[in-house]
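Down below are the structures I want you to see.
Each of the next two complexes has subunit A plus one other chain: subunit B in the first, subunit C in the second.
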Partner chain A sequence: MQLEQINIQINNESIIHSIDLKINSGEIFVLMGPSGSGKTTLLKGIAGLLPFTSGKQTWENGTGTTGLVFQEPRLFPHLTVLENISFGLKVRGIPAKERKKAAREFLKNLQLDGLEKRYPHQLSGGQQQRVSLGRALILNPDLLLLDEPFASLDTTLRQDLIEWLYDLQRKLSFSILWVTHYLDEALSVADRIGIILEGRLQQIGTPSKIFQNPDSEKIAQFLSLPNRFSKEQWSNWFQGELNVLPTLNRGWIDPNHLQLFAGEYNQDEDIREEFTCMIPAIVTKVRPSREGYSISVLAGNQSLDVNTTGWKRVPTVKEKIRIRVPFAQIHWYSE
Partner chain B sequence: MVKRIKSPGIITVFFVMLFSLFLLLPFVPLIIWSFTKYWPWPLLLPEKWSMDSWRYLFSASGRAGEGLFNSLIVAVLTLVGNMVLGIPAARVLAQNEFRGKMIVFSILLAPLFIPYTVSIMGMYDFAIRLDFINDYLSVAFAHLIITLPYFVATIWFQFRLIGAKYQEAAASLGASVSKIFFWIEWPLLLPAVLLGSFLVMVISFSQYLPTWIMSGGTMLTIPVVIFPFASSGNSSIVSAYSLLFFVPILVLMLVYFLLMRINSRKQFINRGEDIAIRTNKHSNQ
Partner chain C sequence: MWRINKKGYQINNYKGLLGILPALLFMLIFFIGGLFHSLTLSLERQPLAGQENRFWAYKELMNQSFLHSIMVTVGIAAAVAILSGISGLLAALFLAERSRKWKWLQIIFQLPIGIPHLLSAYLLMQVFMQSGWYSRLAFRLGLVDSMETFPVLIHDDWGIGIILAYMWKEVPFIVLLIYPFIVKLIADWKETAEVLGGSFSQTVRLVIVPILLPMWVGGMWVVFAFTLGAYEIPALLAKTSFGSIPVLAFQEYSQFGLERQPFAIAMNLVLAVISFLIGCLLIYFQMDWFKKGRRIW
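Our next item is the complex of A and B:
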């Protein structure tokens, strides 16, 4: 499916601005953006629930169909699981016998065997969302639109369903446009990621490209990239000119790549052959994490986050420490 | 977790009984009055009993059957009018945003606050000018003005509860507007439609002045039959008529509860089965 120069206005307010997007066959494209950025509006537009003010939607084979799954299951409360799943087939005029047969067969894929006669209020949250997915998937859409479908579920169930849907997608090879604000969800399923801010598609790329080289500070901020500083600041810490392209004026580094020294440090004894700098700092916060500790420090007036692994002794709050920064691990981008 | 069903406390029982007495007590003097012509104060019970009022009711001059029939025809026509006008109006008011929405809503509810005699008189004048004096239809129109606010308010509330989320879900599966209404909204709307219909029929049954004005005093409905006896102070006949005319209300109420029960059985299994399924689910885990 391809979108060309799509604009959507609601009550004379422009929500989506000139969006160009191509989703390839069998691809999972994850759309990320903060609340109010126009993600849901774009999805509803593609699904035909909202009209495009201007622009063109085209399909590789001339025409195409979409299936939309909402954040909440939106199952019809007066219909059973089987009737909910076969609703789209009923709309298409498929005879009752055929559509029930198709829905029963589809229940296996959804891991909902034996629940066909239940009503939505008799299902768990995960089962409801699977019915909702099945209701859209049984119509064999060319593009499945997912609007944060697992956002209301607890973490474990969410991860299970993501894995289940990912496997199902790889098996059936349909395309997905998946809206989410969970980074882990995006990273675990996305072939490509698009970042939408204020109704504009700001950057499209593979997950690694997006995270390593965000196109702007706004995107870096949205992705909550840690330890983001200007090139001048990094130059101050490295005490000299840095070998970075002039167009790249900001850099971020993952807290796992920073090393924390609480005792004496002798630079001459550091045998690692890499360009590094040492930043003196004061510990402001220490939080335990799954891997070890997550420590916030203050270097001058700049705050940095450092992760340590293992459960050995960690510095205490207000303790003076030093941070070792390897230059090669800094990812550079333009503001 | 299975909730235990608590037996009602003494206070609850007391208030339920008090409320029941409040509703049922007025029927006691009605029943007694219908079997006597003379029941002076301070006698606890009348000294002489008589079946005259009931005999009059079922006599040719009593015209109780005619009153009942006309009331039913007018009430059904009023209900049809409410369905045709009220459901789309409630849907638009509940699910659409537009300029002047509150004004439209206020106009629809206006008969609740404004004395309807004013609008009925105007309507009657208009009907005469247009030579539109079909008794049933013109009376039903008058009743429609009075009942529409109740019907719209009931349906509007249910539409608000349903929201637009099921519409969107059905539309995303390719359903047209009519399919969305008949397959999704109507079944969910049914409890409110039943309640609204019951209200409309009961209110229509009890209208005297609008019926009298719009039919030029020619159509005999339940209240029109009773009114002359009430104004002349004939308590015995009024009581007999009142009891007779309570029967269709009672039938309507039973029909309402019966339909509600069928509807809820059809849509959702009862709580006992639900708990059994949940318990089974837990034991399987």
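Our next item is the complex of A and C:
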């Protein structure tokens, strides 16, 4: 499916501005953006629930169909699991026998065998969302639109369902436009990620490209990239000119790549092949994490986050420490 | 610290019942009491009129004419209930889907509820009778050759005038009852059905009506029960030989002396039993509908 110069206005207010987007066959495209950025509006526009003010939607084979799954399962309360799944077939005039057969066969893919006669309130949250997905997928859409489908579920169930849907997608090879604000969800499923801010599609790329080279400080901020500083600040710490393209004026580094040293300065620590710098700092906060500790430090007037692995002794608050920064691990981008 | 003793626990357990006690007492005293009193009256002997048998009134009712009256009265009530239900549903759907901005239209729809039935019958008579406004208008427009050829809608054989008068009052009642729910159901389900390929009419047929069914049918039953026992409209708009039971009962009650009272009351009790049985039947269907675990909200 391809969108060209799509604009959507609601009550004379422009929500979506000149969006160009192509979703390839069998691809999972994740659309990320803060609340109110126009993600759901764009999805509803693609699904035909909202009219495009201008622009063109085209399909590789001339015409195409979409299926939309909302954040809440929205199952019809008076219909059984089987009737809910076959609802789309019923409105298309498929005979009862055929649609029931198709729905029963589809239950296996949904891991809902034996639950066909249950009503929505007799299912768990995860089962309800699977029925909701099945109801859209049984219609064999060319593009499945997911509007934060697992946002209302708890973390474990959400992760299970993401894995299940990812496997199902790889098995059945349908395309997905998946809206989410969870970074882990995006990273675990996306072939490509698009960032939408204030109704404009700001950047499209592979997950690694988006995270390593955000197109702007706004995107870096939205992605909550840690340890973001200007090139001048990095130059101060490295005490010299940095070998970075002139157009790239900001850089960020993952807290896992920073090394923390306690005690006095030891020159041996600096005998390395890679280009590094040592930043003196004071510990301001220590939080335990799954891997070890997450430590916030203050270097001059700049705050940095450092992650340590293992459960060995960690510095205490207000303790003076030093941080080693490997230059090669800094990701550069333009403001 | 507060301590709750055994009596306190008992009161606490039944506090829900205490909440509905005033309404329960009202129903027990006025409804059940009234029903029992009516039953006793209908079984009174009338030795002066030569009626020694306790069941004389009911025996007298067992004739072809009363059976015809039952069919006419129940038929008219059923027609009014079904037609009002369907018209009310269509009107509520129209108001909810097409005219949310036209608040004045919703107010116009509610106006007839405030008009007494007697007045509505009189108004209808004025406009629909052969010398009424519509026949004059049809004559002036050349639609009919003379005012006498205008279709007979008042005092007619089929009770069309009665049905129209009741519908004028009951359609707004059904609209008032189901409109807020239809607005909510459309907001909840229209989009979902649409993304699955459902048209608006399919959404109404397959989603909105089934979810609304218990309330909608309940509303129609209220209309049915009311129409079954109401007197004013058939008294004004039906022809003398029409045979509406409430009209016949009132005539018996008011025109033929005290000794005919058990007979009049027996007629009304037959209507009450019919209404009760139909109510039970609807409750049975409703329970059957919910039996397998189906829910609507």
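Note that in this section the second predicted complex is superposed on the first by the 332 of 335 C-alpha atoms of A that agree within 3 Å, B and C clash if a C-alpha of one lies under 4 Å from a C-alpha of the other, contacts with A are read in each partner's own complex, and residues count from 1 in each chain.
Just so we're on the same page, a residue touches a chain if its C-beta (ideal position, glycine included) is under 8 Å from a C-beta of that chain, and two chains touch if they have at least 3 such contacts.
Computed from a predicted model, the values in this text were never measured in an experiment.
Novice: When the two structures are superposed on subunit A, do subunit B and subunit C clash or fit side by side?
Specialist: On the shared subunit A, the partners clash.
Novice: On the A-aligned overlay, A:R287 touches which partner chain: subunit B = first, subunit C = second, or both, or neither?
Specialist: neither
Novice: After the superposition on A, what does A:K312 contact: first (subunit B), second (subunit C), both or neither?
Specialist: Once the two structures are laid over each other on A, A:K312 reaches no partner at all.
Novice: One more residue to check, A:L139. First (subunit B), second (subunit C), both or neither?
Specialist: Both partners, subunit B and subunit C.
Novice: Name the contact category of A:K171: first (subunit B only), second (subunit C only), both, or neither.
Specialist: neither
Novice: Looking at the overlay, what does A:R118 touch: subunit B (first), subunit C (second), both, or neither?
Specialist: Both: A:R118 reaches subunit B and subunit C.
Novice: Which partner does A:K97 reach: the first (subunit B), the second (subunit C), both, or neither?
Specialist: Touch partners of A:K97: none, neither subunit B nor subunit C.
Novice: Subunit C: which of 21-29, 39-47, 57-65 or 147-155 bumps into subunit B?
Specialist: Clashing stretch of subunit C against subunit B: 21-29.
Novice: Intersection of subunit A residues contacting subunit B with those contacting subunit C?
Specialist: 47-49, 66-68, 70, 74, 76-78, 87-88, 90-92, 118-119, 121-122, 135-136, 139
Novice: Would you mind writing out the residues of subunit C in touch with subunit A in their complex?
Specialist: Spelled out, the residues of subunit C in touch with subunit A are 188-189, 191-199, 202, 206-207, 210-211, 292-297.
Novice: Spell out the part of subunit A that touches subunit B in their complex, as residue ranges.
Specialist: Residue positions touching the partner: 44, 47-49, 66-68, 70, 72, 74, 76-78, 87-88, 90-92, 118-119, 121-122, 135-136, 139.
Novice: Considering the complex alone, what residue numbers of subunit A touch subunit C?
Specialist: Touch residues, subunit A against subunit C: 47-49, 66-68, 70, 74, 76-78, 87-88, 90-92, 117-122, 135-136, 139.
Novice: What part of subunit B is in contact with subunit A in the complex they form?
Specialist: Result: residues 165-166, 168-176, 179, 183-184, 187-188, 267-269, 274, 277-278 of subunit B touch subunit A.
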